[in-house]
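As structure tokens, the structure follows; a few thoughts come after it.
Chain lettering (A, B and C) follows the sequence in which the chains are written, and residue indices restart at 1 in each chain.
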Amino acid sequence: MSSNTKPVLLYGGILLIGIFLPLALPAFQTQISVMWMMVTFALTWDILGGRMGYNSFGNIVFFGVGMYAAASVQHELYFDIGQFEVISDQFNLQLTPDKYLFGLGLGMIIGAVICVALAWVLGSGILRLRGHYFAICTLGLGVAVGELAGTIDYIGAGSGMAAPVFPSAMGSAGLFYSYFFFILVVASFFSLKWLYSTRFGLAINAIRDDEDKAEAMGVHTLRHKTVAWTISAFFLGITGGLFGNMTGFIEPLEVAFPTITFGIFMVAMALLGGKGTLWGPVLGAILFHIIKETTWTYFLGWQWIALGVIIIVNVVFFQQGIMGYLEDKYPHWFGVEVEESNAIDDQAKEATQ
Amino acid sequence: MWDNILVLVHAPIFNVQLLIDGILVGSIFALAAYGMALVWGVMDIINIAQGEFVVLGGYVAVMMAQSGIHPFFAIFVAPVVLYGVGWAFYQTIIKRVVDKDLFTSLLATFGISILVQQLMNQIFGADIRRAPHGFGTWGFFDNLVTIEQVKLLAALAALALGGVMVLFLKKSRLGQAIRATAQNARAARIMGIDTDKVYAATYGLNAAICGAAGAMVAMIWVVEPYIGLVYTIRAFMIAIIAGLGNLSGVVLAGLGLGVAENFAGFIMGAEYQIAFVFSLLVVILVGRSILLGRKREYLK
Amino acid sequence: MTNIIEVEGVSKSYGGVVANHKVSMEVPVGRITGLIGPNGSGKTTLFNSVVGYQPIDEGSIKFKGQEISKMNVQQIARLGLLRTFQQTRIYGNMNGVQNMLISVSHRNAAFLDMFKPYPAEMKDKAEHLLEFVGLYQKRKLSAGDLSFGQQKLLEFAMALMNDPEVLLLDEPTAGINPTLINGLLDRLHRANTEFGITLFVIEHNMRVVMNLADNIYCLAHGELLAHGTPDEIQNDQRVIDAYLGAH
């Protein structure tokens, strides 16, 4: 097989899965949407965690902010937001399809912009921290923002707010969202693939390997770190906007800023697949989601305990993840050439020996 | 919020009340922070499961109260139970990450934290629980200032326990081995100290200290399965403000945090308390790193 | 002869320990300047102060007439004043070529430059410089898998990739196989003559520094002891005493 047909087959296969999987399994459309969302989670976590060596427990902030921002924009456009605390059940949130789509689109864009700005502001402070301090600071950030969101009346405080109802004229909400999330996965995957091939990719790798050295060589470390976080925030903001609309009901601690579920899943999935690799987070997220969805119901309430065990086992015994393991074992699969295979070089080597 | 500040200005006696309460509960925070600094200094691990150990200690007190034993005795029983828990976690998990990179150990303790949370949820249920103790309250200045006896008792117990720990580390053989390992684990190994045993004891002792703190927490306030992280963050904050191995610093920072939280809770309202603790963490960390950056340094 | 680095009356102490006391020295442009002194005489402290790793207590450090003692590491590096580390530092998980590419100077990097790919001539330059230090064959190997000496050469090549005006080398021959030292000396000379880089070198190996430098400063107990040509330094009684421990 030539080297050009392999990626075509791979990407083509994934495209077919993206298109036909929700059609083939209509009962699981929401699960499929969430699976694609998980892939975006793992991919965006890996920008900092895998590529830059900055392990964030607080990326969930951008998910929640994007979610609230999008829903608030939708409400501002078509409803009297002042009434929202009372309304959730009796107020009519029905919209025509074009209004719904416009509101959703504008909401996601504004949400993403807010997230980028927020990541920039927060990042220029928090990204000065390193190692342990960064990890714990982001953990604190995630919880703090979640708690603060629960005190803001405008977005329904602790009792939450409802997103507009999906217009029945548009057909199946499950299909719509599974495609939308799939497009988001494709967009983020190729953006990151391209990004890692630029100078930016090498710079954040350098920061991961030795930040002191990168500083000594004059790399704009803080600038690169902040940009990395804003890119993460951009995709998470959009993801949040979508998820809020799909779920229909937004609540601060369980839906928008769930540090110990989604927030930790991001880390666990990237580690499972292999952090710092391109396909690792994708593979990890899909596997994690499938395992979780198929086995969860059999645990009868012990599933969260299983989650703790999975994380521990993963960290303690299988640090490098699936892709990391494969890359160690079969480096030539990944195009890593260590020695020159060039005949002239071989001759030169022999001559010097 | 402004009204509450005015209250404090016009009725200074409320300040006294907040200060006393803050100091008394701050000593409990300091106790958990002391344990965290111990593990951090000796094993180079930041134990995210710290708060879960505290909550677990609280449940020991709750269980004892339920079975008719006065929960005050939990201050002695919980450390024994938690020492076993800590030792078991060391032997199964921590042992395997203690010499790995920082993020691995951090994530492993995070995993323990989630595991314990969920186990507590399964075993004790998600409801808020407390350990009724029957202690009264002293009133001063026409009851404008009150002191709950249980808080004073807890503060004294925390002080005593801290004293015992210091003596233990100074005088006992194991304590000396722990301090030697903290200074230089490799040198300690070469000198014949079994660092594996030292680590196990350190992690167990930390859990024991947290257990005692938790018993106090269950008597003074309440426990529930998911409240642990706040105690972890408090302990972490105190440890970084004080610096490792600085006992008087830990005590001062602990009391300071207790007082700050009490005032913040009074001024902003109780619903902001958790948000306050976590935001304070972010502010302290970022503030310190910016200050250090001016001196061409960073937090290490 | 103009001076590219001017250190004037710099003092630095850690707690009560005085590491540098009112040290003044000048590094002339386009030359090779040596810095010697017994262990603990404050050589690395001075280097760290110059490149911005720590604040100084008093004095002034100028680079091309510009005061740099308040700047941070990155700003100083971007001015074209670069250092290598005594404990060699490279990016261990990246291969040789990647190590070289990321070392390209960020002096004039505009914000959006970070999203550009590396042009072919930069890759050529990287390979050329790897060839220059003799690592071309190893360029696709993970830098962390190289031997210590090879890492040292890689770090040197990375510094050249950055096109610095001044390069501060902290013990470039420490830990290198003695048979390779002559080759390294030759390359240091060529970096100076062919690439026009001013060198400022801490070195313990007397033979190396006497062959390399045009003028030498000697520190002892944190203070400047002597300054002169290699011949003058070699025959200076104070320097000999310092090394023999008469102080």
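Quick note on the criterion: a contact is a pair of C-beta atoms (placed from the backbone, for glycine too) under 8 Å apart; a residue touches a chain by one contact, two chains touch by 3 or more.
Values in this document were obtained by computation on a predicted structure and should not be read as measured data.
With centres computed from Cα atoms alone, the innermost chain of the structure is A.
Here A-C and A-B were compared by C-beta pairs in contact; the pair with more is A-B. We define each chain's centre as the mean of its Cα atoms; on that basis subunit B and subunit C are separated by 47 Å. Centroid to centroid, with C-alpha atoms defining each point, subunit A and subunit C lie 42 Å apart. Separation between the centroids of subunit A and subunit B, computed from CA atoms only, is 33 Å.
Each of the following residues of subunit C touches two or more other chains: 72-73.
Looking at subunit B, one finds that residues 293 touch two or more other chains. Within the complex, the subunit B residues that touch subunit A are 46, 48, 93, 96-97, 100, 102-104, 106-108, 110-119, 121-122, 229, 233, 236, 240, 271-272, 274-275, 278-279, 281-282, 285-286, 289-290, 293, 298-300. The residues of subunit A lying in touch with subunit C in their complex are 195, 197-200, 202-203, 205-206, 208-210, 212-221, 223-224, 227, 336-340, 345, 349.
Contact residues on subunit C toward subunit A in their complex (touch as defined above): 51, 72-74, 77-78, 82-83, 85, 89-94, 98, 101-103, 105-107, 109, 111, 113-118, 137, 140-141, 158, 162.
Taken in their complex, subunit A has these residues touching subunit B: 55, 57, 125-126, 128-133, 135-137, 139-141, 143-144, 147-148, 150-151, 260, 264, 267, 271, 301-302, 304-305, 307-309, 311-312, 315-317, 319.
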